[in-house]
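Here the chain labels run A, B, C, D and E in written order, and each chain numbers its own residues starting at 1.
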Amino acid sequence: MTVKEQCENVKRMSGTDVRKCMKCGKCSGRCPAFHEMDIKPHQFVSLLAQGRIEELLKSEAIWSCLSCMACVERCPRAVAPAAVIEAVRDTVIRAQGANGMKAEDIPPMVDELIPQQLLMSAYRKYNK
Amino acid sequence: MQRIGVFICWCGSNIAATVDVERVADAVKKDQGVVYSATYQYMCSENGQQLIKNAIKEHSLTGIVVGSCSPRMHEATFRKTAEAAGLNSYMVEIANIREHCSWIHKDREEATEKAIILVRTAIAKVNLNAPLSAGESPVIKRALVIGGGIAGIQAALDIAEAGFEVDIVEKNATIGGRMAQIDKTFPTLDCSACILTPKMVDCAQNEKIDILSYSEVEEVKGFVGNFSVKIKRKARFVDEKKCTGCKLCMEKCPSKKGLDEFNMKLNKRPAIYIPFAQAIPNVAVIDPEQCIKLKTGKCGLCQKVCGAGAIDYTQKDEYIERGYGAIVVATGFKPIELNAFNEFGYSENQDVITSLELERIMNAAGPTNGVLLRPSDGEHPKVITFIQCVGSRDTSGCGKPYCSKICCMYTAKHAMLIREKYPDTEVHVFYIDVRTPGKNYDEFFRRAVEQYGVDYIKGMVGKVYNENGKLMVQGSNLIDNEQVLIESDLVVLAAAIEPEPSVRKIATLLTASIDTNNFLTESHAKLRPVESPTAGVYLAGVCQGPKDIPETVSQASACAAKVIGLLVKDKLKTNPCVASANETMCNGCSQCASVCPYGAITYVEKELRVDGKTELRRIASVNPAVCQGCGACTVTCPSGAMDLKGFSSKQIMSEVEEICKR
Amino acid sequence: MKEVESKMLERAKVLLESGEVARVIGWRKGAFCHDPEPASFESVDELKDFVYDYFCGANLSKYLIAESKKEGKTAVFLKPCDTYSFNQLVKEHRINREKIHVIAVECMAKLDIGKIKAKGLSAVTGVEVDGEQVKVQTLYGEAVLSKTEIVLAKCATCNKTHQVKDEEIVLHERPVRDVNRFAEVEALEQMTAEERFKFWREQLSKCIRCNACRNVCPACSCIKCVFDNPQSGVAAKANDDKFEEQLFHIIRAYHVAGRCTDCGECSRVCPQGIPLHLLNRKFIKDIDETYGEFQAGESAEGKTPLTEYRESDLEPKDVLKEGK
Amino acid sequence: MKICYYPGCTLKTKSQALDQTARLAALALGVEMEEIENWQCCGAVYPMARDEIATKLSAVRALDYAKHNGGRLLTLCSACHNVIKRTNEDMRSDGEICSRANNYLQLEESYRGETEVLHYLEMLKTVVGFDNIAQKVVKPLNRKVGAYYGCLLLRPSGVMAFDNPENPTIIEDFIRALGGTPVIYPFRNECCGAYVGLKNPDLPKKQSERILRSAKEKGAEEVITACPLCLYNLNEKGSGILPVKYFTELLAEALGVKS
Amino acid sequence: MQEITTKEGFVPNIVAFCCNWCSYAGADLAGSSRLSYPANVKIIRVPCSCRVNPMFVLKAFQRGADGVIICGCHPGDCHYVTGNYYTRRRMAMLFSFLDYLGIERDRTRLEWVSAAEGAKFSAVMNDFVAKVTALGENKKLSDLRVKEGE
């Protein structure tokens, strides 16, 4: 896939129109995981609009987004940065062997109280 | 049989580059009724018009077709041209071969073919045109201004200055509007009241101006030059003529729980009150929701203390009806409700306020007598954060899609005034863009930054929350790509502005168009910016779109000029393209009247002689001065008795046929 | 029915004799037992030919446009379905209500001679109705037919009740029919566009442009019809192949939309047997489904569905239902 | 009254307290929660990518079952509620997702989002009524409780339509009905850190502490939630600043049905 | 401009009725913005969409138009306050009726185009022409009376 195709694909998967963004930064102003991210939520929208998908695919931030939808909820332009981040993450994990978490990584992290929901969420979010 | 002249305009290269104008002129030469056809570079020019005039005379033309730009552009021009050459102006039809042809098609052959059809369609129509003459209607030499803010005041003063009588209908107890609430004005920082109140006094003293305060427009009938308006004068329970404005009643009133609307409900006021010290008229009003006497029948204290005997608890709403030649709408604006913006904590935190509330807090006549104190505890705020674009430029559905236009400037003003008066205060402003077009505007904003050290942060706030008594403002700093957290004492929201909601009702009454944001629509965005599409209705101030005071005043004066231009005329020509019923065909079934939006159709019993017999029939009768020519009735009429002049069924059918000929 | 007829005759006599009314509008015997015709009776003497039987299907309300213009009062016998047309005409100011005395008469459905003949019976001399059974006498003997099979199309689905009456002659209660009057329209809607087109092409091709439907229709009462008016752009008198002719039925149906009471007279009088009521019923069904149930003629006041609107009305594209 | 109920995996294992107290309380209030047949895990997170269909199918199956069994589907776990409600909205308004999902499932009759998805709290509010609950309270809470909404119930508000996303009131009304005093604190709709803990344990810790600190500062003695994951994070990563319980535990307690 | 698939080079003839205040101005704006649409769309100016008599629509079809589109101000924005509301009902009923007679539904259309929607005007016309082109020539309304085979 060319970079351009990849961009279009991510745009389509996210279902959001990045051109609607007016670059106010409210998403990043609200994000609880902001400090954990190398590329910030508003940059996901902006870089995708510029076609700079390769930078996004390399980002560590895709593993930090909580999908808490705070950015989506408050965007004054009805843009969904979280959906862009998820589309990028999906693109990464759908690529062969690029799962964000390996089965063998999990057991050591699990304590006995950990709910299924957490494991399931993490599995869905990080793996194909 | 018509003698038709066809005039094809090149519009320089606008048409001629795509349409073979000579071929068009040639193709229609032998069409029915056509006796002359010509082309010219610019038909609308002096020379072009002369060409038309000469042809009308030389060839005794009875109708002309101009193939040119849109009729919305030059129909009026060519009608005047025809008139000047002695041809009835309604014998002119325009074939729009620019906007609808040369500008949208690239292929010359295709465009030329289409142009020929469009011109032929116009020829087919003009073959069926009949001379129409505009009727006349008298002009009532009095204007109505709806809304008594700065826009209404300025328009009224200018109209009165020209010698015409003006009524200002203001729904509040005083004129003055939003400008009266403002402390200082940008970019000069002069005191708003100092420049507004003299104008309010002028209004009160001008004998041509009648201020109908605490009143609302209830019903509008009629048309340009001849409106009849029913105005509700709400019961204020105080005789306007007797009250001296001494305020003794205000002191004695035992009910002091009403919220002071003038001070943005930041403090309480008595049930009987004068909105503010410089109110015009300087007359008290009783709030029936708060008045103990009106609610329980007991009390009556204000009546006892009123030396002038002005208090009248029995007052009822009254209705007056007056005639006007022109109407100016100047209904103004309000800040939007902030329910949809709870992320900024407006409803939970007293110290999160709107800019208009800050305006009152900063004002010497405001709830804190002009001392900057925060509402929660009356302390001086040391750190103040402003958030711009709250609800403006918002297409998510929570706010308004437009830029409110005034917020950048007033926020800079507030920031500057605070830093000037309280230099130890830290001021931050979150902005998305700072928009400062206007004379001395950007210089003003830069002064806030450069001279007063206001901290402008490019970014938007995501959340405002209260922690340990502080307002924590969490937002983006996009320049530094950081998320910042500012511990603030006061947060000021630049809430979007929206048209005063009553404008919808006014628009309906006036049949004036309104856009999806409830702004009244102007007749032409560039060339007729102060006129509503409804003849005789003019727009001033924010009711037409966001604007600041200087722009509002300019627009109000422009409105006044338009109104004066109308009122100096003794008679107006009416649109002759109106409906009329063929008496011999009319069934009198009343269906047409049931769809007429103007109430232009009535029924008469009339003796008709048909086929040698006299019959008494019920027949529709259209008042041509009231009919606006929409044609709704023509379609409802089952017998086809109702037709529209200038757009008759036969004319439209002939256009259809011509287009379908291929 | 005889009983009803004699009561009607009795009332007509009293009204005419007393001078209360100047004329009575009813039905007069025809040449055969099955072709009574609408008539105006101005004297007791003329009443000798008065008839009211199972073939009196004609709607008398349209005659009142002219009659209410005449001197004196006019009495009229109206069946349930006729009263809707009457109301509609009052609403449109075509009938002067004050000059009409409405006698509501019972109707147990009327018979269609065409359907009887289609059963192979000819030279019919009389009928006797007994509940669901109809004994048909002919010159060649007697036959028994099922009533449901030989009633007029308009009666087959009728559940109408008298909307107007100054007095009534109703001796029997009519059973309520459990039928869907839109069934035929629905069946057409279920077809493909091509099938529908084929159906209508066949039907409308039969039209000989005799104008019977127009002349009988109580909603089609224009002083000057658009089809007779050269200014309308659709005029055409004769049967020709021009648009004016071809679209005659479409325009006619549209013109009466929202005003048609579904009286069914158009189909009853069509000599070619075109089911014209299916055109009108489509409009009625669409209006009911899109803008709420509306029965023209139920009231002599108020607007019709096409002369009012709601801000929330559907767009045309949303009214067109998914067909095949 | 019977309502179809979708329990979800966590409630069958680690969070049985949530499930059991909810059932007990519902019975006391006259509602029988009828577990739907053969439910499968909803997936715990709503897949946002528009080309994700397979991961939405278990939710569609549950919805379709409820469509034919009363037309309502009751949820309890915030995550299940979020996934099922959002999937339902896709089925209702996104023609492409709807037709693709139906193609997979081959149901007798296409599912087009007809089922009403009802969270237990919404059921309490609209079906039972908080006033009725208040009347049945035998052991009023008499303490200050902070409602923790988290993200899943509220956002995206356009689809969830649960409450005002920035200033919700439903759990506060619930607390009031149980005789407790609700404490409103600004972090009640902030994310707890969710599943990111497996990758980055610091984030849930930071968030959970922040949330509980905020609740404590405003006077809460206890925090309640509807989400097993939130409960886990707040309890395990929140440094014990405040005790955290399921809202149904308080309901059962107040109604006197706690086992 | 959209690609239009033609049936053996068939170019449909389209009659567009546009209200003077919104849609005609919208068409003007499409022109001044140089937003093209096929040349086979020809516009008739009417004061309001409510001036469009169903008879005009039928006449157009009879005379060989392949598609008829009516454009007016958005509901609520009618220059004459209520005109387009009547249009909406009239055309909804007419179009449904024509469909009932077997006339392809894509040959008729009602659209709201404001004076500001030049782009919409152009898009609507492109789309409409594409749909009508796909249907081919309109024969039905002009030969409703002609018996099969004749």
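Here is the rule we go by: a residue touches a chain if its C-beta (ideal position, glycine included) is under 8 Å from a C-beta of that chain, and two chains touch if they have at least 3 such contacts.
Values in this document were obtained by computation on a predicted structure and should not be read as measured data.
Chains that touch both chain A and chain D are the following: B.
Of the two chain pairs considered here, A-B and C-E, the higher C-beta contact count falls to C-E. Rounded to a whole number, the gap between the C-alpha centres of chain B and chain E is 32 angstrom. Taking each chain's centre as the average of its CA atoms, chain B and chain C sit 53 Å apart. In whole angstrom, the spacing between the mean C-alpha positions of chain A and chain C is 70.
Taking each chain's centre as the mean of its C-alpha atoms, chain A lies 45 Å from chain E.
Contacts with at least two other chains are made by residues 165 of chain D.
Residue positions of chain E with contacts to 2 or more other chains are 54-55, 59, 63, 76, 82, 86, 90.
Shared contact sites, meaning residues of chain B that touch two or more other chains, fall at 343, 397, 463, 595, 636, 649, 653. By the document's touch criterion, interfaces exist between A-B, A-D, B-C, B-D, B-E, C-E.
Chain A meets chain B in the complex at residues 20, 22-31, 34-35, 40, 42-43, 70, 74-78. Of all residues in chain D, only 158, 164-167, 184, 186-187, 214, 217 touch chain B in the complex they form. Put simply, chain C touches chain B in their complex at residues 69, 91-94, 221-226, 229, 231-233, 255-256, 259, 303-304, 306-308.
On chain E, the positions that touch chain C within their shared complex are 54-55, 58-59, 62-63, 75-76, 82, 85-86, 88-105, 108-110, 140-148. Of all residues in chain C, those touching chain E in their complex are 185, 188-189, 193-202, 204-205, 207, 226, 232-234, 241-243, 245-247, 250-251, 253-254, 257, 279, 282-283, 286-287, 290-291, 305-307, 309-311, 313-317, 319-320, 323.
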